[in-house]
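Consider the two complexes below, in which subunit A is the common component and subunit B and subunit C are the respective partners.
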Partner chain A sequence: MSTAPYLSEKPEVAFPAPKPGKAPGAKSLSVGRLFMLPGQAVSLLVLVMPLLVALYMSFTDWTPTRGSLTDASFMGVENYSELLVWDTRFLEAVGRTLVMAGISLCLEFVMGLGLAVLFMRRFRGKSLLFSAFLTPMMVLPVVVGYTFWMLFQTNGPVNHVLHLLGASGAEWFKDSTFAFAAVIITEVWHWTPLFFLILLSGLNAVPENPIRAAVILGASPGQVFRYVILPMLRPVIIVAFVIRSMEVVKLFDEVFMLTRGGPGSSTETISLYIYKLAFNDFQLAYGAAAAFLVLIGSLGLVHLLLTPVKDQLLRDRY
Partner chain B sequence: MKVPKLELVDLRKEYAGGDVVAVDGINLSVDPGETLALLGPSGCGKSTALNMIVGLEQPTGGDIRVDGASVVAMPAGQRNIGLVFQDYAVFTSMTVRQNLAFGLKIRNMDRNSVNREVEKTAELLGMKDRLEAKASTLGGSELQRVAIGRTLVTKPSLLLLDEPLSNLEAPARLAMRQELRRLQQEIALTVVYVTHDQVEALSLADHIAVMSYGKIIQVEKTARIVEAPGHAGVAAFLGSPPMNILRGRINVENGRVRFTGYNLTFLLPACSIPDCCAAAQAGVMLSLGFRAEDLSLAGAGDGLAAGRVLDIEARGMDSIVSVDVRGTIMKSIVLSTSSVHEGETVGLTVAPDDIHIFDGWTGLRINERFHGNG
Partner chain C sequence: MFTQRLSVLQAVVMGIALILVLFPVFWLLMTAIKPPTDWNASPAIWIPSRPTLINFQTLFDPDAIREYGVGGVSQSATAAVIGSVFASSLATFISVAVGLFSAIGISRYSKGSRAAPLIILSGRMFPPAAIAVPFVIIFSTVGLIDSYAGLIAVYVAVTLPFAAWMLKSFVDDLPREIEEAAMLDGKSRIQAHLTVTVPLIKGGLFSTTMLVFILNWSEFMFALVLSYSNIHTIPVQLAKYVTATAGTLYGVQAALAVLAMLPLLVGGLLIRSHLARGMTFGAIKQ
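Take a look at the complex of A and B:
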């Protein structure tokens, strides 16, 4: 590095160099680490250990009837290749879950955004409606599943309303399309509030002046929304999609209560299939391999979703 | 394009059902091609006035006329009035080019014309090589240029600037002030400039309107408003430090004029100002103004009044000496502080011509500083 001629190599007045040895606060840091140890140990025991055991298990042919895991024979990647190449039921479950996720998430997004935009305006009973709209999110998935199972019964309220409207009722759980629709309706009812809540907070955080600037420049409300508000909302929208897609990949309770994956396997999601593999057929090793594939797939999906806004989200502010 | 005239007629804005009056019936006229600074402390209603002119807020009463035609009923987007915000309000998800093109695109201008206009504006603002940069990567003064350019490209009939330099750091502010002066000269535009910074107002505006509590207390040519403020409120706001203002009454005693204010009384140099004596005859309440530059220090027994030096604030070329005159703080600017020490007693003198006299109740100026200037 070249230095200006009027600057000497070593400035005469300088900040004192730090003394060699332990940095100040090093001792307190190690005490802090000591305090963290029990927590770390518990997390190692209940999170990392089972994960490692499951990972090892997925490379074996172990079933509970074969005694201890050490008795099982190591099979390499056979479980994985079986799943990815031959197990059409698994591949179909993956595809079905993705379709279900795609349809539900899009509907939840559109409805959540619509509601959020509506809630930016002033109207009577807003605070009451706000609480009401958030309620579904707080109900246990099992309860939601059971409630909708009752609603969608052949002699249930949904069909009754359809009859009143002049439409013929449907055999919701006997027809694969209707069963699929019932799962999506349940899922959308349950989780639209989450989109609504995230998007509403996002909309509230959008600065006002760019919107006003666009209005002054002559933009219509639609143009303001499309060109100014939506781009600013983009990171929030993507985060909402990431949170929901992580959940929807694990979709289990509602489907279990509503259809048990039927009729046939027409509503069988990945989680339900893995559950059946592990706890109906006791193929725990094979199930573990399937679960790891789902984990890898989910990680890839989240990474893909976050890529466009990663720079924006990971910006250094301080 | 014809440069229009802007008129505000009894413009009023109330909030909370009339409990809060943000703008209290202001009247203002800005001639074509003129730059008017709306100057006042924070919360005096200047930004509200600007928002009403541009159409972001609806007035409670009064009228806004551009070239004689009322624009009050017109939506903001149709008034063709540009506004540059204090925080720039640049669309950060877009590039500089997209920002500049925004106003033209939504007017459905064809792509070639949009590009031509955008390039022309970028050239004017010295941003031609930054056209493809994302707005989120720009620095403060660049964002300011984009904000100004985005407005100028749409060829507004009026340009409103809402504290456009206050978010910039000192060196950038100085450079941008020069830039704005250059732009004003290059593009003939009627400009209303809102600021609380008198240096900005003084360096950029042809006329200054000083606002206080929702009212305009004086509109005057920039040079004259500092020399002879027409209102005690303007005098107390302009200048660094602002004028010393003392409220009290004057009485004539044996041909000499005695001023009696709060806890303090002194003889004025002479009744050399006829208006001053007339006021004394009437016995009205007065506000006397002494500019810090005009107030000089003297020996303890000399001058108008004596006081104790409270504080000496060095400013480089000169210093501000605060003198406590029986509870009233008077400020004087002195070039050399070698003979002044904190805690010592000094006298304060002022030339008779440098006393500004205002009506104690209305705040309006009584004496005429420059004869013949009206």
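Take a look at the complex of A and C:
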């Protein structure tokens, strides 16, 4: 690929340009239809339909004991108002997920950027090290959760090292602050490599001429980084944050393996809460309403993140 | 400024980072070859003095561990391994095959719908627990609950947008002129796509297949809520060991975790040049 890690928006033109005398417009459209049909059929059947069912359900009081969905009584927005006004556990889970996301994403960004900058230098064994640093990303979330659950055991290696360093160690899963920290450490370990990967490909695509120009004009390396490289990295940084925020809202597997949301509900993420609502308490309709609130919230969040770079992303690459 | 060598301090920082990155994997591997006495010893045993493969053996023969005086492995992991391989492979195949057609359709025939990426992104943002709710209800009524057909349908639903969008970014990279040339040679549109476009994105097709497989193989929550007794996958089996025995089977669980992880490490390394593109839905091209 030429240079660019920029968003792959291209001016879209219907394919191919009409040829005189053959009137291919109608035909090309039908071929396009044909190609897209299987995908649309599958999406309609297994994605759109369930979502519509869930949306309808979120306005009812349905639970599995009430028989079929059509027997449930329609309650309007009662589930939603209940969630937003009275359900402190829901609101806390939302807040907690946001705090977790904020802390993890910032740590992942800073460490990923640091590592990516180091990788712009010359050294031997770079490609081997590159692979090594990507390892965590390829481990299953469940396995990551189990591994860190072992690491943070009272007899585990983390406490062992702390003891050797003279600290007292901790009961990681019995104290809410430590449990919270354990979840964040796990999350940061798992996903810093993604920031590293994205930022490194961004750095690799930064053109050299503006940098040379800045150096000739007398900029220090710090200034070059701050005023030349960082602004050019901005779209890539935003992409990284958007992708990661979408995933972190769904944080479930690792927490399930590590703490199950405990102690108490001190590490309960929004996904874990919805899971418990739906599959432990069988409050399916209520859980669906919670899910739609989360969806609206995350869409808003992504929109907010994308706003400052939207023009830049939709314009053609520079 | 980017051609300098690494300074000593920077090399040290990188060394520490490397240790932090690799340590959890190291610990998992070590636990998988520890005999039961070393599993949760105090102080922690870092490298087992008598490494053993008994944990791996126990996965497939639950009684093997009894020679160490440990009982209580309720279930062999054979069904989970077979189930995972079957469900992930079939779901990946369907998802990529359907996604390939959609990719060509979107890339070549659809007139710039700016909304499409947003729709796909919002699909990814929806908490899986919530998608699982309607699936459980619909599947209970049509008899697909606790069946591989149901599980595979969910996996396809979740990974299809991903496959289509990633493949689209590879088709976008091909100039349209190549297909036009093939059509001037007398091929029909469909022939041109199948015999020219598809072979030219082989690399992308392989990477997409690997990534979709990784997603399916790692999936946990849907398998958890859709399975009662008929379907088994490795991630669910792994979580079951924890609940069933309250963490007394460290080594056996670690062995299963290692088995689960190995194919992904190999696959991930094979496609690392396309990882950035895959993980960002084609937004970043490397």
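FYI, the second predicted complex is superposed on the first by the 287 of 318 C-alpha atoms of A that agree within 3 Å, B and C clash if a C-alpha of one lies under 4 Å from a C-alpha of the other, contacts with A are read in each partner's own complex, and residues count from 1 in each chain.
Everything below uses one rule, namely that contacts are C-beta pairs under 8 Å (C-beta built on N, C-alpha and C of every residue); 3 or more make two chains touch, one makes a residue touch a chain.
What you see is a predicted model, and the numbers here were worked out from it, not measured in a lab.
**Student:** Put the two structures on top of each other at subunit A: do subunit B and subunit C fit, or clash?
**Tutor:** fit
**Student:** According to the stated criteria, A:Leu151 is in contact with first (subunit B), second (subunit C), both, or neither; which is it?
**Tutor:** A:Leu151: touches subunit C, not subunit B.
**Student:** Scan A:Ile274 for contacts with subunit B and subunit C and give back first, second, both or neither.
**Tutor:** A:Ile274 sits against subunit C, while subunit B stays out of touch.
**Student:** A:Leu47 in the overlay: touching subunit B, subunit C, both, or neither? Say first, second, both or neither.
**Tutor:** Only subunit C; A:Leu47 stays clear of subunit B.
**Student:** Between subunit B and subunit C, which makes contact with more of the residues in subunit A?
**Tutor:** The partner that reaches more residues of subunit A in the superposed model: C.
**Student:** Should A:Leu91 be classified as contacting the first partner (subunit B), the second (subunit C), both, or neither?
**Tutor:** neither
**Student:** Go through the superposed model and pick first if A:Leu140 touches only subunit B, second if only subunit C, both, or neither.
**Tutor:** second
**Student:** Quick check for you: in the superposed arrangement, does A:Val215 touch first (subunit B), second (subunit C), both or neither?
**Tutor:** Both partners, subunit B and subunit C.
**Student:** Rounded to whole Å, what minimum CA distance do you find between subunit B and subunit C in the overlaid structures?
**Tutor:** 9
**Student:** Considering each complex separately, which residues of subunit A are in contact with subunit B in the first and with subunit C in the second?
**Tutor:** On subunit A, the overlap between the subunit B and subunit C contacts is residues 215.
**Student:** Quick one: in the complex, what on subunit A touches subunit B?
**Tutor:** Subunit A reaches subunit B through residues 207, 209-210, 212-220, 223, 227-228, 231-232, 234.
**Student:** Okay, in this complex, where on subunit A does subunit C touch?
**Tutor:** So the residues of subunit A touching subunit C come out as 1, 4-8, 10-16, 27-29, 31-40, 42-43, 46-47, 49-51, 53-54, 57, 68-69, 111, 114-115, 118, 120-123, 129-144, 146-151, 153, 155-157, 159-160, 163, 189, 193-194, 197-198, 201-204, 208, 211, 215, 221, 224, 236, 239-240, 242-243, 246, 249-250, 252-253, 256-257, 270-272, 274-275, 278-279, 284, 287-288, 290-292, 294-295, 298-299, 302, 314.
**Student:** Considering the complex alone, what residue numbers of subunit B touch subunit A?
**Tutor:** Interface residues on the subunit B side: 54-56, 76-78, 81-83, 85, 87, 89-94, 102-103, 106-107, 147, 150-151, 154.
**Student:** Quick one: which bits of subunit C touch subunit A in the complex? Just the residue numbers, please.
**Tutor:** Residues of subunit C touching subunit A: 1-6, 10-11, 13-14, 17-18, 20-25, 27-28, 31, 40-44, 46, 98-99, 101-102, 104-106, 108-112, 114, 121-138, 141, 153-154, 156-157, 160-161, 164, 169, 172-173, 176, 179-180, 183, 189-190, 193, 214, 217-218, 220-221, 225, 235, 238-239, 242, 247, 250, 253-254, 257, 260-261, 264-265, 267-269, 272, 275-276, 279-286.
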